[in-house]
Structures are given as C-alpha cells and as structure tokens.
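Just so it is clear, A, B and C label the chains in written order, and each chain counts residues from 1 on its own.
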C-alpha cells in the first residue's frame, strides 16, 4: 500500500512537471509578464488584433516588420474589440495593435467632430491616454460603410446615406454589437435615420454578409476593404456628411514598448501601405484562403521592409 | 460590482424589446428543449435496447464517449458553414450531440441497474421480452434515466450560450455582446440568468422524477437499510 | 474538401501555428485537472466526514456547474485582479469546474469503502492520516479515476470556448475558420481535440491500472501476494 502512495505522488509530480515543461515551449502563462516594462529589449513585443481578418493581417505585418528590426514578437490574434484591446494595452498584456484613426478617436473622445484625415490624427494625438501613443498613420484607409443589396438600392433609389435617412424606419440594420453604442445617435442626428431594428450580427464577417444576402437585414455595416462587397455586388452608400470619420490605419501601442527601432519599422509599414494594396491583400486571405502570415511576408518583401 | 449587476438585472428596459432578456430566455429555452428532446428520441431507445438485450454495450459506450469529446464550438461553426449561417439547424444539431451521451448513459445504466432477479421473476411469470422491457425494466430504470436527462439539460443550458457566436439568439447574446463592449454587469447578469434557468429546469425535472419513479422504488429507497 | 484540407495542411506555417495551439490547449486543459483534484480531495473528505456540511457542499458544486464557462472566464479577471488576457483566467475557471465535478466522486468513493478494511487498518495501528493516504485514497482510485476521465474530456472541450475571449488553444482554429468562412482549420481543430481526448483518456486508464495493482487479473498471480 505504501508503494501505491509513492507511485501516486510521483505520478502526480511527474504530471505537473510535464505540463509545466510543455508550457516552457511557448510563453509561460504563469510568469509575471514583462515585469520590467521599460526594459523593452528583453521581453517580447505582443501584437494584438481584433476579431476580423484585415486586422489580423495588419497585426502579422506589424509583427514581421518588428521582427525584421530585431525584436522578439508574439502575435495574439482575435483578442476582442477595441474596448478589450485598450484594456490589454493598459494592463500590459499587449504592446501594440493596428488601429483606425477615426474610430479610435471616437472611442477616446465621444464628442469628437473631426472627420478629415489630418484633423483626426492631430486630435487623436491629443487624446492619448497615459503611456500610450500612436505612430505615423498610413494613407491606407478602411472605413465602416453601410451597404445594401443591388436590389434594395434599385428599388428604393439609394445612393447615399441621405437617401437612406428617410427610409430607415423600414429597414433592419445588421452590425457588430458595438455599432449601436457608437453610431445610433449620430446617424439620427446627421441623416435623420432611425432603423426599425438594429440586430447584432458580427464585425463585417460571414454572419453579417449572410444576413444581408438572405434579407434578414436590409442594411449592413461592412468595411470598405472587405472582399464580400464586390463578390456580392453590394452597393456602398456614400457618407456625404462624413458621419464615419477618416479611418487611416495607424499603430497604437505602449510608449515604453515602441522604442526607436520599433517605431522606425512600423513607420516604414505605414508609409508603404495604401488602400488599394490593403484591399488586395485582404482579398488574398478572405477569398483565396491564403495563410495570413504568408501574405504579410509577401507585402513586406515587396515593400522592401526587412522582415523576420 | 455586485451592485451594478443587480442594477442591470432589475432594470426593466433590459428585459423588454427585441434584444430584451425575456426574448433571449425564450430563445434559449427553445434551443435547449428541442436539442434535448431530439437527443432523447435517439438516445433513450438506443440505451434501452442496448441495456435490455445486453448487446452492443461497448460500442454504444465508445460512441457516447467520443461524442462527449467533440468540441461544441467547433461542431457548431463547421455545421454553420456547411448547412448555412444564421440557420438554427447547426446549433440544434451541435447541442443535440452534446446531450446524447448523458442520456444514452442514463438509459443504458438504468436498465443495467435493474436487479437481475426481478427480471428473471418477470420472465418466470411468463412476460414476453417486450413486456419485461416496458412493465419492469423501464419503470425501474427511471431514476438513472431521468438522472441522465437532468445532466443533459444542465450541460445544454450552459453551452447554448455559444449559439450567439454564430449569430443566433439565446442568453449567449447579452453575454457575448456585453463581452465585446466590456459591459461586465451585462455579462454577469446574463450568466446569472443562465444559472437560474438551469436550476429551475433541474428542479422541474426533479419534480417529474418524483412523479414518475415507481412508488415501490421510492419506498425501498427511503426505508432504513433498504432491501434485505 | 479534401483538396482544401491538403492545401491548408501543406503550408508549414499553418502546421506550425496548429501545433503551437495544440501545446497551449494541452497545458490549459491538464493543469486545471491536477489543481481541481488537489482541491476536490480535501473538500470531498470534509463533506463525507461531516454530515452537516455534506448537503451544502454537494449543492454548491451543482450550482457551480450551471455557470456558463464563458461568463466565468470573463468575470475572473475582475475577481482575481489578473490581466485580461492572462491564461490563468482559463486555468482557474476550469480548475473550479473540475473541483466541482470531482467532489461527488470523492464523497461516493469514500462512502463505498469497505468498513472491515478500514477497521483492519486501524487495528494494525494506522493513524488517521496514514490510513487516509495509504488505504482510503488508493481504494478510492477507481471511482476517482472515472470522475477524472469525465473531467478531462470536459476540460479539453471547454478550453476551446476560451477562444471567444482571445485565449484558447485549438478553439482559435474554430473562430478563425468561421470568420474566414473556411472549413479546414475547423476540421483540423475538431480532429485534434478528439485525438487529444482519446490520448489523455488512454493515459488516465493506464495510470489507474498502475495505481491499483490489486485489481490486476487473477492470472497475473499478483492478487494474493499484495499487502
């Protein structure tokens, strides 16, 4: 019987040890992460992203560039929405995330009215929380856009959001959960639009696209670089009054993590990225189902940015 | 935190309307009931048959265990992509798969647990196989069978929250939506509603169990020392 | 479908990513198993020993299981003060579930101990602690093992839910596949989860055999010789 006890204890110990060693292969979850935040050189930079393809792609591009600059990088894709990402940055779980100037500004300052790219950027730099910063923004943009099917557009003669305004009461909108909090009041103010119902689908993903295709929603919030728009001949409603501000891609992260080398690398990325390029890259992942890291590597190579 | 959660739960606006808790609870119940009933339709006859004939036990147990290991999120996303997003079929199937193992195990174990002597006596009195099954084995198997059902309901109620990820309703909706905007009172509130729902359903089934379990069995249980 | 799958698996980057997710998944599923067991044994012992506590403890464990895992993952950072992305949130949540799951088997196992064996141990001079560790626990192993097997399968499945909060091992294959409307990652994720569950289950069965040599078939001749 004593043998059984000894066996039990040793097996248990071996088990815990094995599990612990398996943990050393990747980042150890129980170790205090980056305790010395100022010592960015030692600890890996953690790049986070939101739960949609383009953002994951941008995160991989940033990661590649940072590795090329000599940093050790870990990518944490599909972490959550802006709220979660910001929390992650603030409690040091994340180092940098790809963001969009307009929406980030709206998040940090609900009363912001700037809409043009440069104005948005200047206002954004002003509103940075302690310890966080944005680097140079790219000319590449990816905006929210409200779309309808070809049929709906023709039947109701819809070309702009103004056209939509009067008819909103007949339509159901499909958008991500956050949309309501951010835009319900603004769209009413600018375009006199109050939707019959705002249904949560997802962030411009397959659920939203399907809902629009099958008519469960008549208007959907997608992103301008999404391949689904062309693939389904959806009609983008023009935002004539600039409700959606400029959405330039910009790296948003901790000042202590983004040292000179990192900043340099990411600025090079922002420089080389254009909306056209971005849309093409997203299409390769969404439509051709290519691996995200592969596509990111191709971009960096073509742009002449050293990658790791 | 408790204060804000309580506040969210007692706020009337959160209960009514298209996105209100009442609607979500009904959706959640719908998914649960259909999935568990569907699973029972398949698993109860199967479990009874395997237990009664004594054949196919290892296969049945093996299949049930394999089904237990299927990750519900994976099954539901795959089925959604294959059968169509925003259709309830994938979710009902996925939850049904989750419910089958406990019900199958309950039915099988229930029949197996019947005292062989009793079954022999029934045969001795001249009952046919069919009569033995329905008049003797099934009633005596009720405690374990219903136990399996209760276990299944518990699991499905807790897991049905996943339906929200593929765009459907149910209590997973306030859970996931609240999570996305870090509205923790909403998340905690939804979780509490799920837990309460599970407890209520379990209590309801316990009452059913009390009604359905044969009087003789109940008496045998409660008497001190049980059968001699 | 097969074409898509072979294309997906043919890309080494994908394979690397999958293997890393698998490693994380193993860690997140097994650590809570050990932790949960370590908590469940003393709690179960107390519940079995002290009649008054028993009802309350068993009731509490039932309630714990009704809390949806996703909610627990999300609430824990606020309670524990951990970081939002810390894997520890998943580990603690799953350890809580495992402990809740294992308390009842511990109680049942201790209940079922043959009185005459315990009496013999006491008669031989075993103090309570030694009796518990060297007699009661080993005898409880078969029942406990059954519980641990169920808990391990449950954990392996629950870890994938963590993907919805950005942690999650193989679960990330499901969210990625769904968002990209692409089957292969999901299929690979399901297959690996199944395989993992099978392997861990087989290991646990083997472990149980090692720990209960007195249950070896009579042919092996070990039975009568054992203490």
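As a working rule, contacts are C-beta pairs under 8 Å (C-beta built on N, C-alpha and C of every residue); 3 or more make two chains touch, one makes a residue touch a chain.
All values derive from a computational prediction rather than experimental measurement.
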Next item on the list: Name the chain pair with more contacting C-beta pairs, choosing from A-C and A-B.
Entry: A-C
Check: Going by the average position of its CA atoms, which chain sits the greatest distance from chain A?
Finding: B
Note to self: Taking the mean of the C-alpha atoms as each chain's centre, how many Å separate chain B from chain C?
What the structure shows: 21
Item checked: Intercentroid distance (Cα basis), chain C paired with chain A, Å -> 35
Note to self: Using mean CA coordinates as chain centres, what's the gap between chain A and chain B in Å?
What the structure shows: 38
Notebook entry, point to check: Mind pulling the chain B residues that touch 2 or more other chains?
Noted result: 81, 166, 176, 179
Margin query: Two-or-more-chain contact residues of chain A, please, as numbers and ranges.
Written below: 80, 84, 87, 202, 206
Checklist line | Multi-partner residues of chain C (each touching 2 or more other chains) | finding: 163, 165, 175, 178, 181-182
Note to self: With touch defined as at the start, can you tell me which chain A residues reach chain C in the complex?
What the structure shows: 1-5, 7-8, 11-12, 15-16, 19, 22-23, 25-26, 29-30, 33, 48, 51-53, 56, 76-80, 84, 87-88, 91-94, 202, 205-206, 285-286, 289, 291, 293-294
Next item on the list: Mind listing the chain B positions that touch chain A in their complex?
Entry: 18-19, 81, 84-86, 166-167, 173, 176-177, 179-182
Item checked: In the complex with chain B, residue positions of chain C that touch it -> 62-63, 65-72, 74-75, 78, 150, 153-154, 156-157, 160-161, 163-165, 170-171, 173-175, 177-178, 181-183, 186-187, 189-190, 193-194, 197-198, 201
Next item on the list: Spell out the residues on chain B that touch chain C in their complex, using ranges where they run on.
Entry: 1, 65-66, 68-75, 77-78, 80-82, 154, 157-159, 161-162, 165-166, 172, 175-176, 179, 184, 187-188, 190-191, 194-195, 198-199, 202
Notebook entry, point to check: If you look only at chain A, which of its residues touch chain B in the complex?
Noted result: 80-81, 83-84, 87, 176-178, 181, 197, 199-202, 206-207, 210-211, 214, 216
